[in-house]
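Next up: the structures, one after another.
Common to both upcoming complexes is chain A, partnered first by chain B, then by chain C.
Moving on, here comes the complex of A and B:
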């Protein structure tokens, strides 16, 4: 559609930034909240990749995790509940030169914004999307979310939630044009960072579900998984992520998985006994909507005048 | 068959293509006529009517076309509710509205006429050109229904002429289901003494994308229709044209709107399909990419609005086009744009409501929701184009206001403007219409994203890409740095700033023009698509010496200056609107419970003037004759 003049300039110097260049304010999340771990990983990513703060936008909806953009010293858009994805799509469509991240919670993405989630997968725009999934509504003080395990006691389900949890990985893998689906957990910072980095480098709709703790409302729900390293299954492949020696010492449950194998990815996504961590699916060949929709027309006053006059000719009497 | 109405002889031969019985035909000169072509849905009456209107406009006549649209895609054949077609008011001078009752109608079956008769759309004695094939239809139910309806129409005083359209079309080996409309167009070209070459040109333009053989077949049908009429009809009309001095274009309101989007320099339209707004996006989808623009069909109305807001936030102002129910769905997102001060243009092509209501019918029921919609105090600009031409220029103005004030601008058109066609002066492209490139310059040190001006509330917004401008916009209450703030003083200050922007815009507006004298007995106020009908009624009453004038408001929020002063110079003031108001004549209605029309409420509350109102919600454009009657009653009260 358009490009700014700055895109045409050669970058004459290396972008070098410190972590502080991306840090803004003191996060007002609870101690032990998984959002802090995600923020640390993302700030590190920005520094390591030398992202220009003025060319980077974090878009969020509403919820604890959607405060994320306020803690980044980049551009940010803290919008309305459930609508982070369409806002981010608009930003990307108008400005393909910007790096756009989306922070959305399990209520934001999987409940009120579910329609947008489904279609965002289809559009496959080049966005890096973090689903901060703590399986509970936090900001509104403990209501069951679509990803709450059945039986979760909350203020709206005091006798336990009634429905089986929705699986965000299976849903995403079921939608046409899914191009990058990964899962991370907040308590393994090294793999969280590697997954976030891979998601950033994927050109397309990179969907990362991050299982995170909510120390305030569901303090013990993830304990069984945290305390038993074998309940976490690390995915690795020569075409995807490799597991470091350090991680291997703790996490021995590992699975070699080719991210191009969609059927296997769906099986892994629906495992009940282990939490798969890593890249479940990646397909680099799926077209990106913002590129498909490029008009190839350089927008100048002359172009508009010509097109406009040609249309008026059609209606002239 | 009844005898035709006495016609004034003009002693002039009709038509330019010779042959037939031209010598015997009386040509009556008229100043205007209203013509309808109606059929079952899908038989092409709409295309016939549109072509007829376009040819008339090419001849230099004033026209106003109104679509007759059934709500369903395929209503049952030969049904009262299924009438589909077009109504063309054609005149010697400039035509500003659809007018009153129909003078001549072409009907492809008798059933589609019944609804028009029931709705009193046909003038007493109206000429009806009726497809006669049904008289000999093998299904007795059909042939009897036809004969009975025919006889009733004749008995009611209509001038019915039976025409074997299908039979004549079959002589040309044409598929009569497809070509009858062009045959009918040929008949009309004869009756109204049109230049046949202009009709041929119009067909070539209409079918421009099809193969030549299709164009040729349609031209053959057109010529056959004209020849048949010449040989068989004993009347024709001439409506002398007074061509405009400036080159003209003819479009409907939605096309004008889309042309306005192109010309405004906007680059993105996000939408979701909804009647009667969608045709604007259809047309834009066809042409916008040629100038580098994009139409994004979102997954729903909310997404369309949020997408547009995201794009506006990151670059130039964008537009989203919808109708009533879709507008309701967008409300929360519109509130976000207001709060975060992101420019946005929202078009609401109003239809009948509430709920799904009457999707294809006109109503002005969304004024209050446009002004007061969303939650909390969400000040936004509301404009209402009054003509087809206005639909074009309003978008350009709206885009400029949206970007100058970082505000949401709502454009309220309606189902009547959206599909009616009218000629207007071809716009002269102006570079100043276009949006400037979005700002990518570094932000000066110390500048703040919401540095509200103490007097006007205005602040310069920072756009992603601008070094030093990094901040997070938020729908939460925020301070000048866009930091979330619940401080009482800051909230007071920020609401003040967003409200003052409306006042700042208001200071730039000029007083509305008065149609008629500056003082008198009655002032009529209107907004939107009723302008032409109101002014026509006022003009005719003024010609009779009545002291009535009117003003038409193009800005509903903020309102133009001088309105109170104008109202004060009249003994009585009333609005004419097509939204709901309680009639004071109802048994249980009095001043304590009467619900006024939207603009009347606004005027009463703002100006403390006793503004009366009259409205109807018949789903039809209000007729000049109806307004005449209402205004006369008010004058005599």
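Moving on, here comes the complex of A and C:
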């Protein structure tokens, strides 16, 4: 590339970070918890992509998953129940230069925060969202969540839950402007990392549902899938993820799937017998809300005051 | 040889009219035959006059009058009265053209109104057509005709717009930088104890009843609780210096009235432009440096250890043109006829030093007489030399064109103005005083047709080779020596005759009153077969036995055909002109001698050889080639399998790549189990723990990837049971 001396000077920022630079404290999650795998994958992403800690934000709601920002040595916002997405949207709107991640759980996102979730998908702002789905309320010691499989016995459903679980993938795929929908499982770290990486690189609302084991409250529920590699179906495509030779040896159940094929994505999302892992849908052409709202006008104090006064003047008598 | 031919030959060879029947052409009002149809340009729809546009979203800076009228007609001349509207608006267009040809100028809208006023009074229908068209006249700008002032007006206008756009972009960038830099200072104040004083806190809450709020207490809490991090002295100084430089720059007009007047960038001489450039260079470097540092500062990437020493010497050896491309370009307007030797030297210095200076060299006379004098004919073509010389410098954008052809060259003009480096625009106005009243447009067009002043561009930004950089586009029939035009006339017997005649340098010279002595008019009665077309004589390379004489077809003011003898000096000049054109053609890839020579050789070789040249015999694999084939690379998986198979079945190991970082094993023994760089577990030291711990870890592992192998210590307690449990993880 032809680059002038000034350009070279401007590109001279090459700070290297180690994994430890992103680690903060010892996670309070239970030993064996799948959240640890997600944390390791995300810290690895930050290191590999050279994300500057002071330019990175993790926003969460409430739940086991939402302790995530505490363990990242970046900016973070441990918010209120179900409101991780609106907070993250606000951060992105005011500071588009920041990299914003959202960590939310099946209760936080799919129950109390469901309304925000639906609209955040439609707004398609450039956020990377991880839904830590352990299918149970863990922090409050075992109550059924919207994604608990039918028949799950918990403190709130002692005779087993009565309804079929909500499928976060098919819900997301059903909302207008969905632009990136993927599924990962915490027990295949290589594919988890690749999916997290693809989600980070997607410009738009990248939604990754991560099926996550809860060894404390639902210790055996995912064992049938974890112990039988054939019950996990790896999705691959030249426009999405490719499967490494190492993974191929273990996971032989593979499916070539074009991430632009929405109808097929919805079918795959609804699979019952196997867990699809990979990118179900990706459309890079969907506009991002924060970009459509950019006016190019500098937000000086004077501009803000003028706009504010103009609004107030509408109501003056 | 009869007496007539003898007299003709004598004129051809010596330029002397021995025979009284050969008349001088001075005062006959002749013009080249091909000009017969262009007596009144106001009756023609062509590129001129032009309208210089501003504020066009598509970036167009000029449109012909006819183009703007057509755009209006496309909108309104529809339906039943479409034809009527078209007729009336075109009549208005012609009247505007007459006004402009008569010397009127100014805004398009004003000229429209001026031309429309008498027409509207004539007829209600005309008034209706014109008023409907006028409503759709949304674009305005100055109207210019093809005259001596055109090159500078057009180029100056395009340059001005380019600088305006650059100023806008720069202004936006500087406002952003200033705001963000000021934010750094403001944030520091807000974080300081002074910024958290009760007074400031109260003021930040705005007006209103705040008596019940204890700002003193708030101030106390904030000053004690918040971390004490403040701007370092050197960073504050740096940011303040940057703000001072950005706010006081004079390269672009600033909205801040106190910033003072900005620099001017238009000059009338190379020396004054170069002087200004030299004087302003330190300021330009300071500004470029400030913009770069400010960018780093607001991104939070400025590191004193890394950047300070580099920026101290920033621009010490000058900056590349591309690094100064955000600043305005200089524009110099030169008159080729008055170019002094010293000025020419400075011009060369500017062009070869890669300075962001755009130079317009205007030539009004391309066939000035040779300074050698004594009837010596060698058209100096000064400005052509300048353009060729500039191309030799190799990194200069060069555009040459007659003014009449500037509209078709508008995109190239814009490319030249956008080019980050020197550009030379050599333009022939066509407004010489010796052309016997022919309009400059016609003279300019004739200069292009006759290859006297060909149009070309040399754009160093378009690529690395001549094929991408040099273009002859815009020249008529560029593949020929001279453009061939069809010419029809009626002969003595009223029969229509059509001939294909070339338009050459001689036609161009015939328009100029200074060179009348090289022409002689032959009376109609003397016309015979010995008068041959000019093209044949020019094409003949050597002088042969003179039995025929070249003659030119011209028309008199009544459009009667005349045959005019031409002397040999002019024929020689025409050959010289053609030879210069041929050189340009070669640069432009037309009849390139290297290519033609190679083609001829290839053809010869192809004919000589029985085997077709382009089919190579099949290559047989030989021992040497087979040996040199590299062994296939071993896929990573195969390697991994090999590693695994090398491992002894008794050895304990973890499938690290599948580890889900759940902490189970590390909590059992963090000396035996450790995390690697990706936070995935491996056995760091198998001797750091017991076999029992290995087995326990294997059992607890969420993803069952720990394989305990066989015990190292045969004396460990309970081995039998442990081995049984470990079997599950073999």
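Operating definition for what follows: the second predicted complex is superposed on the first by the 289 of 317 C-alpha atoms of A that agree within 3 Å, B and C clash if a C-alpha of one lies under 4 Å from a C-alpha of the other, contacts with A are read in each partner's own complex, and residues count from 1 in each chain.
Keep this in mind: a contact is a pair of C-beta atoms (placed from the backbone, for glycine too) under 8 Å apart; a residue touches a chain by one contact, two chains touch by 3 or more.
Every value quoted in this text rests on a predicted model; they were computed, and no experiment measured them.
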| said: Tell me the contact category for A:32 with respect to chain B and chain C: first, second, both or neither. | reply: second
| Touched partner set for A:83, first chain B, second chain C, both or neither | first
| More residues of chain A are touched by which chain, chain B or chain C? | B
| request: Applying the touch criterion given at the start, work out whether A:54 contacts chain B, chain C, both or neither, answering first, second, both or neither. | output: both
| request: Go through the superposed model and pick first if A:155 touches only chain B, second if only chain C, both, or neither. | output: neither
| said: After the superposition on A, what does A:245 contact: first (chain B), second (chain C), both or neither? | reply: second
| request: Name the contact category of A:94: first (chain B only), second (chain C only), both, or neither. | output: first
| message | According to the stated criteria, A:40 is in contact with first (chain B), second (chain C), both, or neither; which is it? | response | second
| said: Looking at A:292, would you say it contacts chain B, chain C, both, or neither? Reply first, second, both or neither. | reply: neither
| request: Give one of first, second, both or neither to describe whether A:271 is in contact with chain B, with chain C, with both, or with none. | output: neither
| request: Please identify the positions on chain A that touch both chain B and chain C, taking each partner from its own complex. | output: 4-6, 54-55, 298
| note | Per the touch rule, the chain B residues reaching chain A in their complex are 54, 57-58, 205, 247-251, 255, 259, 262-263, 265, 267-268, 270, 287, 289-294, 296, 298-300, 302-304, 306-316, 318, 332-333, 335-336, 340, 423, 426-427, 429, 431, 434, 437-438, 440, 464-476, 483-484
| In the complex formed with chain C, which residues of chain A make contact? | 4-6, 9-10, 12-13, 19, 27, 31-34, 36-37, 39-40, 43-44, 52, 54-55, 186-190, 193, 213, 215, 226-227, 245-246, 248-250, 296, 298, 300
| message | Touching residues of chain C toward chain A in the complex: what are they? | response | 172, 175-176, 179, 288, 292, 295-296, 299-301, 303, 306-307, 310-311, 314, 319-320, 322-323, 635-637, 640, 657-664, 667, 677-680, 700, 702-704
| field | chain B-facing residues of chain A, complex | value | 1-2, 4-6, 25, 53-55, 57-59, 62, 69-70, 72-80, 83, 85-95, 97-98, 115-116, 118-119, 293, 295, 297-299, 301, 303-312, 314-317
